[in-house]
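After the structure tokens below, expect a handful of questions from me.
Labels run A, B, C and D following the written order; every chain starts at residue 1.
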Amino acid sequence: MRVGVLTGGGDCPGLNAVIRAIVRKAERHYGDSVIGFLDGWHGVIEGNFTELDVNHMRGTLPRGGTVLGTSRVSPRMFDDGIDRVRATMEATGAEALIVIGGEGTLSAGVGVFEAGAANVVGVPKTIDNDIGLTELTFGFDTAVGIATAAIDRLHTTAESHDRVMVVEVMGRHVGHIATWAGIAGGATLTLIPEEPFDIEAVAEAISRRHRRGRWASIVVVAEGARPKEGTMELSEPEIDQFGHSRLGGVGQAVAAEIEARTGYDTRVTVLGHVQRGGTPSALDRVLCSWYGIAAIDAVHEGDWGSMVAFRGGEISRVRLADAVAQLKPVSPALYDVARAFFP
Amino acid sequence: MRVGVLTGGGDCPGLNAVIRAIVRKAERHYGDSVIGFLDGWHGVIEGNFTELDVNHMRGTLPRGGTVLGTSRVSPRMFDDGIDRVRATMEATGAEALIVIGGEGTLSAGVGVFEAGAANVVGVPKTIDNDIGLTELTFGFDTAVGIATAAIDRLHTTAESHDRVMVVEVMGRHVGHIATWAGIAGGATLTLIPEEPFDIEAVAEAISRRHRRGRWASIVVVAEGARPKEGTMELSEPEIDQFGHSRLGGVGQAVAAEIEARTGYDTRVTVLGHVQRGGTPSALDRVLCSWYGIAAIDAVHEGDWGSMVAFRGGEISRVRLADAVAQLKPVSPALYDVARAFFP
Amino acid sequence: MRVGVLTGGGDCPGLNAVIRAIVRKAERHYGDSVIGFLDGWHGVIEGNFTELDVNHMRGTLPRGGTVLGTSRVSPRMFDDGIDRVRATMEATGAEALIVIGGEGTLSAGVGVFEAGAANVVGVPKTIDNDIGLTELTFGFDTAVGIATAAIDRLHTTAESHDRVMVVEVMGRHVGHIATWAGIAGGATLTLIPEEPFDIEAVAEAISRRHRRGRWASIVVVAEGARPKEGTMELSEPEIDQFGHSRLGGVGQAVAAEIEARTGYDTRVTVLGHVQRGGTPSALDRVLCSWYGIAAIDAVHEGDWGSMVAFRGGEISRVRLADAVAQLKPVSPALYDVARAFFP
Amino acid sequence: MRVGVLTGGGDCPGLNAVIRAIVRKAERHYGDSVIGFLDGWHGVIEGNFTELDVNHMRGTLPRGGTVLGTSRVSPRMFDDGIDRVRATMEATGAEALIVIGGEGTLSAGVGVFEAGAANVVGVPKTIDNDIGLTELTFGFDTAVGIATAAIDRLHTTAESHDRVMVVEVMGRHVGHIATWAGIAGGATLTLIPEEPFDIEAVAEAISRRHRRGRWASIVVVAEGARPKEGTMELSEPEIDQFGHSRLGGVGQAVAAEIEARTGYDTRVTVLGHVQRGGTPSALDRVLCSWYGIAAIDAVHEGDWGSMVAFRGGEISRVRLADAVAQLKPVSPALYDVARAFFP
């Protein structure tokens, strides 16, 4: 069998580990040939690909990035996008297409599958952990680890200087990274998109803490956190060419408000791209390997339109269309844990 | 309410994080007073304890070890063990006892609860991840991360010297650490207690790999891995005063057999206690915080004899007696992933 | 003997390790009593201090921050600053004052010493490594390690997305961190204050690299790097209340210029305070311990006005006034190494 | 010019970084062609080599191991060893040979150079840091970091269980790793080859500490540490085929003696090969890059028989024969620091 693979969307630790797992089982167990489309959907649309084999993937398990490149291009951006995908699948002889990506990339996969242009199996990738019907997307654990290590370091500066440190982490629509890193890092407060914040309550909580004799605080803010209407000004983030907001807006704004309202020296750190690159954590490497094996198994069972998912400690399959139908919010019980520490 | 806490069994990253979470929510939300029994069940039996409060636990979230000390002492070791537990609970006024431990410590908790000597709530702790009815015990993710980092480093030595490196990791009865670290570290072979190994097949797999031009291999061996009967000699491990095997036996034996059968230079590394100490991973800190909050909640709901458990991405509760009834083995699907890479 | 200690200036990994070493040798070997002034020179001026002993410092070796707090206050900020220092030394009975700090804090020490207000011994602290007459200041190695780890992660994002990543690191007046992290991280270009850069040459070097088929580049920029006059606009950085520039100005500006001149997607990461907090590296812990021991030895030899220094693989002493007379620039030979990689 | 490179002796973090630096400056600056001999001196003797260029070395800066392989083979092991080296140099047209290795590999380089068989320049590599006339060999800082991280983790186990933890680290003839990691890790005692230890004094120091209420201790032991004559039995370590001792002997013996003499539960951890593999620290990457650039510069200046060395914060050159004439011991002043903490 001939199987195509693509990686789309933002860089994410573990992409290579998924590809490697697919290639190994495909080649060694099923006797497949595997091709990798270059730069996400762009490679499928343009017919750019490379042959992949076990030797090609050697040494890539711990390496960040993706040997295939990535992009945010989607067939939907072209009038004849779907037709070009179909044409490429026919021209390359690929009978299946494993799509590794986040909400945007996978949604494009749904479109392609529903149009009958390719036999699609999805693998949920995003450091944001916001894909539905799976408890974990790969890259998330690594991102949380990086953010937590940064917060660990900021604590000592906060304490040595009696400062409030605001840390902006990734999370445009949901606050998984913020909530996990906030709890793991012992943050005083954690602000996430799911719950608009009251800046006055934020300032008051910090002042109350300081009055108890704790003069240093860490506030973790997801990039997509927003104030309750009418409580503070926040200009809309500048949007770049890929539809992504430039980072730093909400972190800067929250820091400025805290300093203005409390009088405490307040600094902001915007973690940015360091959260999405580099070697995957051990957990992510296991998850990626498992996802890759499960994806090539799904291909051989002809379970088209499915997505591999991590549920209940095992890998299962869900419908890809269902998984991307809506973003997965942070568990309210877990956000309550974040709040329990500094009430 | 007055609540007692104990930590028992081997050192495990995250013990302090659980205690800290319990104390914070108990004091700040419920207005409880919390006491910590010293050195596990020993402290309950002897009536040794310390008052715990939020200030006491400050700064302990990232710190390994346990501020309460630990031991492998159990009420079962004393004729009047249960009575002494009852007496201590009465003398201290503690209305509930949160037991943080692995199979041995929690089983003692079942005995104490069933005898009516204390109102017990359990928290599953073990780097081995072998407690039933929970997908994760805390400490496991940290141990896997440490073992994987070590394997990452051993790869380059294996490759530079064309060597077989045998790495013995913890796991007396089950091979969770070995399987996860083996997959994450890209091990050639992983041997676990759940599946007795055939040393001849191990040697043959390595030779086959070398014949394909790959002259370096990593073999991960759980300390409890055992050969199929009749295939190789393995003396029973020396047992120390706590009923624990001295490490290194099976790793050494497997390395010697591989070297003898293949002729390849083979070295062994026994990871030992570094796997169970030090700062917890971000995931473990979140898990510990969540467990601690959930445990004090269970106390206030009077759900005695329960254990907090991680299932399906959320915390739920199971019966403690059921959880310790049998060890949780490695998922066969996951062990198949480990095997898929180097068939 | 009664000895005072203070830590001044910005947070820096290893401050506690120096204090711990001083206290241990002072108490155990010399039988001294040690007091710690709070919040740098502020504590000396105000007479705020705490007694320090071995128990007090237990567990602090790996911990970032400073148990004494810090500030940028200097006796020079007060008309009677020197007199108040003298008064505090007399009131507390402290016969010597160990001053742990960077250029500002140590310069104040020179003033105090030369005015005869205290018997001063200096310890060179700064992540910037810009103190003269010592090859290493503590905190620098840790900062370089953090910056390098971040660059390692940014590489994969740069490569996956064919991007230019600009990384702004600390270094207001000198480019030690930038040069070391640039070399260690495999940066394409490194811009430091010692050598004003030509933005057109920067853009041209990146374009040339891309024409050779390498579409990803990392540019490391010290916060104090400045363009050659007339080559590009760079507004002066906003200065905060401590005379420190707000971060991010030059990084943002360089990224914008590169994107405008080359057309390549370019992003900026400002590492900020994560570089100066958290646990010190092993090397910094050794250096701090050695500095602390050497400082208390200098006190007992009455070598007032001296600074302990790392030279030629050993600790020696130099005159504090000489050490702060001028900042130590990056070795031209080492900066040539940085340039050798991507000519 | 045509230049040969070899890497010999044990695996060491940073070998690739040195090769990469040589190749980059050789190709880009000098227009040289570089060949890499395979498996150390073995490749020179057998005439096995590979062409090296910038593309070949891409991505290797952070990667442990050596792309050239290594061995402990030496021309001295063959009657016609020197002649074969000469023949290979002539056959390959290599006008210079950069020898990257430790004492054994470099000593062979002296022999080859003095026999006029090749124009040799040496680069000092060893995690043991025992080469003379250089303050630092590469790989050492990484090894110290790994050992320190392990000791950090062992502390919590020691404290949770009131145990003595003995940690055996590398260092057959000198105790640099032990001394640095012992100080950085806050070890109670550090035993090194330079100072034979009195096991009774060791046991007494631990008992004294315990009597002061500190029930946990870490003892760092270099693999080559030896007891004072007559104080305790220590069988000579088993020697493997490469003349290297099997690890673990002295650590096990010291642990057994401590347990027997003090009665405290005592465990041993043998760090082994994890100390010598994997990604180099930032400092080692800088040092390696600098060494590589300096080595190819030395070649072009025709400074045959020299070794690049790190002295006084800069790279200089020394005579290779002098550098290997005797091992560099630990600075007594630094060992005093190790002893100052727990007198």
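The rule is short, and it goes like this: a residue touches a chain if its C-beta (ideal position, glycine included) is under 8 Å from a C-beta of that chain, and two chains touch if they have at least 3 such contacts.
The structure displayed is predicted, hence computed values, not measured ones.
Asker: Could you work out how many touching-chain steps separate chain A from chain D at minimum?
Answerer: Tracing touching chains, the least step count from chain A to chain D comes to 2.
Asker: Would you kindly state whether over half or under half of the residue numbers at the chain C/chain D interface are used by both copies, giving same or different?
Answerer: Homomeric contact, same residues on both sides for the most part.
Asker: Please identify the chain with the largest separation between its CA centroid and the CA centroid of chain B.
Answerer: C
Asker: Averaging only over C-alpha atoms, locate the centres of chain B and chain C and give their separation in whole Å.
Answerer: Whole-Å distance between the two chain centres: 41.
Asker: Hey, how far is the Cα centre of chain C from the one of chain D, in Å?
Answerer: Result: the chain centres lie 29 Å from each other.
Asker: With centres defined as the mean C-alpha position, give me the chain A-chain C separation in Å.
Answerer: 34
Asker: Find every residue in chain D that makes contact with two or more other chains and list them.
Answerer: 149, 152
Asker: Write out all the pairs of touching chains, ordered by chain label.
Answerer: Pairs of chains that touch one another: A-B, A-C, B-D, C-D.
Asker: Under the stated contact criterion, what part of chain A meets chain C in this complex?
Answerer: The contact residues of chain A facing chain C are 10-11, 13, 15, 63-66, 69-71, 146, 149-150, 152-157, 159-162, 165, 241, 265, 267, 269-270, 272-274, 276-279.
Asker: Quick one: which bits of chain C touch chain D in the complex? Just the residue numbers, please.
Answerer: Within the complex, chain C touches chain D at residues 21, 24-25, 28-29, 61-62, 135-136, 141, 144-145, 147-149, 152, 180-181, 183-186, 281-283, 285-286, 289-290, 293, 311-315, 331, 333-334, 336-337, 340-341, 343.
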